[in-house]
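Should a chain be cited, it is by its letter among A, B, C and D, assigned in written order, with residues numbered from 1 in that chain.
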């Protein structure tokens, strides 16, 4: 338990670095936000100065940073210029949409990639192996936004098997009572199967797009790790001791191969957080990625800052989980 | 059986090509890309910027092989001409991060100490951001221009090269030939330049070749979102973004052809990276 | 007496990206029940390949191109895969070099031994656990209750090798193959491990094949020695006979190169040359010919080189014996 | 006879990662208070088990590692003040050269044999014409019986024994007074080992090069060396003439070591079995013999007072309360 604590502590400097980088990045954004905020021709220079003062932009940089830190400690991420709403509230509203999509895509990718990688590793050089290689190579070469658009064309325009790729739910359906913000879970809680089906249906295409992107690294790592483990000396020992093939593959090889796969899962999850931005744009998904894009276009720095912070914090949290899972799998970790 | 120690052996290239037909395909694809980048603008049938309202949104035909876009520009010409820009951005970004990252990583890996701690911490911070998100923010912060896309792509990739170079140099510090060089009167810089960096070149070059594909994708994705390259410059990401508005109404070609070009370019780099890995990394050779 | 294990004209090849390696060429030797046999050779001579072929754990790239391996008269190579699986561990078991990497790093050593016991015995869980304790005590691991719960990385190399021996002996095999079991261990640990193997084999009547490059180690332990060179058996005889009167020029050369036999540094003598490249298509019938001080034209004459009995129990493969 | 190289109270402690947030990082005592003298033209064997610190001591003596304590004198002049990389550029660097354990890892795979051998020559011999350097390299190659056509080859084209000889030639090219050899034959087959041993012996006899031969193999050391130093857990536990130690080892550890080596000759007494696990070299107890817990001669005093090196007749020294 103290190891987990120590690991948590070690994330603090990184987190602080993230805050500094985020702060600096958005402060060098071109264009004076105050000018933008006050982009009313009727406003005078004095009005703009007043806005600057309320935003704290007239202070020296380090003081701005201290103020920023203070606000951050109170959970205040600033106010969006474009919407006029507190950034924290905006994100709280949008985060579940992104999280739900990413989690479904991740589950989809893992449940396809790991068996695929295993199948390839157990028969290297076989037809399955070659097929997997092809999929993997094509997979990493597919630009998410192109795949997404082509999938829309094929499954919505041509085949008509998925709903129109706009938003999380058909506009004629009522959202279930908001509990977690995850439509699927909320629908389940409300006992509304129709909404659940509709939400899943709507999510299918964007989730598949993201999963396709994550498939390649996961499959590749599962295959490589499994082949490496199967070729290691302790597998030879187990074979020489006459253990059955099933036991060798599952208890001896798979558990050992899982370690690098879990690490890759963490990386893939972080990639997916980034890819989210593109997928949300393509599918008009009302998540935090789409919001971030808008704020960049509008030079709206507070939401961008918030977005970067949330992303980095999520990533650090995912890594923490990866480390803990690794320590559970492998007794050597942390020694 | 012991593996061959020396990374590149005679006939290795030929064997790599013969052993895997995909490698030949990748090489051909790469040659095609280079050709399009070098001579594309001279050879294309139409001016990539010329609009023709009468010929807007035409499907592929004998006159317009890839069809036309919403203002009647010839997509084939635009796709071919875009090659140069897309490849240059990727090449520029990757060379920058390869050179700077390897040098920095090798230095901190060799000396360790406070510098190592500081740089490693910074690397941790940079890597805490999802790559694409960081690239987005950097372009936004540095200013919306092509050269800033190159810098942003280079910066987000820097940590990988630093980490790789560092982890390759570290175990080699205690290797016999490094200590022998020290016993033979070589100073630290000479050991680094003559003995360590040449010996860690292979994994770094492999990393770079795989990274090229990613850099092409990254640049296109940024311009897809409206960052970096601006319309009406022919660029694959922008063309996909422009076509996105017409996909729901069935005009598939505007997205498909630039998307395909992008995919083939990335595929070529990824396959070449794999081939290079087979060729240079004796550990993976059977 | 019929031999326990009889290898008859065994040939093994494997493919590499640089050509086919002719690792073993018509290899033949026997192991008698209860005997301790030393298999001696330089690196690349095919000692480990022989062991893997007997155990049936060769790499994918390797293939057996001829010969048979008889275990109590039954050809192992013709055995059904399932029967072969069940034979491993009970018919023959193996101890490997690098004891640390030869054990599963993320499974406790007690569980690893228990896996083997459970696989071949059908005992209850409680009985398996008791048997594991018994085995750990048997190989003189101090504090076995606690050590059974340890992971390999928490044990010293010597203790790991004791675990490896406990695993191999778990089902009282008829034959124990020990492949360089003490390489990388300290001399004092090496002595203890060798003593353990010797003792346990004598106790249970298990035959031992000790694979090693260390002639002194083998001579001290083994009843009989088989000398291998480049995939051939060049000489096989009782230890005393080999030491007092080596007949094959390679054996003689090997004896002259061992430091512990030499009185002074001047008496040391290296075997000239090195192993031939086993990927060559034109390997001579005698693979030692190119290093041999006694080479004659007839040594290069075509036709296989025979391993002949030149004295009772003393075999050698040479066309120009002294 | 003046000492060629003399170590006085030489120590090397490595700082390990701290286990708690505010605790002091644990210290690994790799080499602890070693006094050792190497005379010109002699071969000294340094023997011990893996992990006893003999490789670290070899690197300290070869000035490839900075000691954390103690001094090192070359012909009476202290050389342990300046850092390793400074010393590398000084004119005394060429006096001590080193040959490494793994012949493959000790050669840069991207350099030809000629380049590898020429490298120290070009650095340490002052300005040298190309032909002069070439001549030096060829002489060094000849000294290790390396045919000249090998000079243009790459390491992967050589056998293990040939690589080992290249490593020795590289050390010889600057005409050192002391060669430090860290298990130079442990990666070689026995049949090849003999050549290397004889080559080293010839270099010592013909050129008067002193050898510090690090090995775990007492049989090899006995043949090559006139004097032996036995190391255990960072300390020298016994030194003396090779013949004496081999005939009648004094320290219980040396006795166990000698009795454990397999030998083709008939053995007099039975084998000494060492029970118990060795102590940890991390933060060792200062008031306790480091061999205690494994020793068959152990007395209560051994866990109360750590023994010092003391002299025995015949120039021998032993670190034991009860030996001799």
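Just a few scattered comments:
Assume a contact is a pair of C-beta atoms (placed from the backbone, for glycine too) under 8 Å apart; a residue touches a chain by one contact, two chains touch by 3 or more.
Here's who's who by UniProt: A, B = Peptide/nickel transport system permease protein; C = Peptide/nickel transport system ATP-binding protein.
Small disclaimer: the values here were computed from a predicted structure and weren't measured.
Steps from chain A to chain B, minimised over paths through touching chains, total 1. With respect to chain D, maximal separation of chain centres occurs for A (centres as means of Cα atoms).
The pair of chains sharing the greatest count of C-beta contacts is A-B. Among the chains, the centre nearest to the mean of all shown protein C-alpha atoms is found for B.
Here the spacing of chain C and chain D, counted between their Cα centres, is 33 Å. Rounded to whole angstrom units, the spacing between the C-alpha centres of chain B and chain C is 51.
Averaged Cα coordinates give chain B a centre that lies 49 Å from the centre of chain D. For the pair chain A and chain D, the distance between C-alpha centroids works out to 55 Å. The set of chain C residues that touch two or more partner chains is empty. Shared contact sites, meaning residues of chain B that touch two or more other chains, fall at 4. For chain A, residues touching at least two other chains: there are none. Within the complex, the chain D residues that touch chain B are 59, 62, 64, 84-85, 88-89, 93-94, 96-98, 100-110, 116, 119-121, 123-124, 154-157, 167, 170-171, 174.
Of all the residues in chain D, the ones that touch chain C in their complex are 49-50, 159, 161, 189-195, 197-198, 201, 216-220, 222-224, 256-257, 259-265, 271, 273-274, 277. Looking at the complex, you find that chain C touches chain D at residues 42-43, 156, 184, 186-188, 190-192, 194-195, 213-217, 219-221, 243, 253-254, 256-262, 264-266, 268-271, 274.
On the chain B side of its complex with chain D, the touching residues are 4-7, 9, 175-177, 179-188, 195, 198-199. The part of chain B that touches chain A in the complex is made up of residues 22, 121-122, 124-126, 128-134, 136-138, 140-143, 213, 217, 220-221, 224-227, 237, 240-241, 243-244, 247-248, 250, 252, 255-256, 259, 262-264, 266-267, 270-271, 274.
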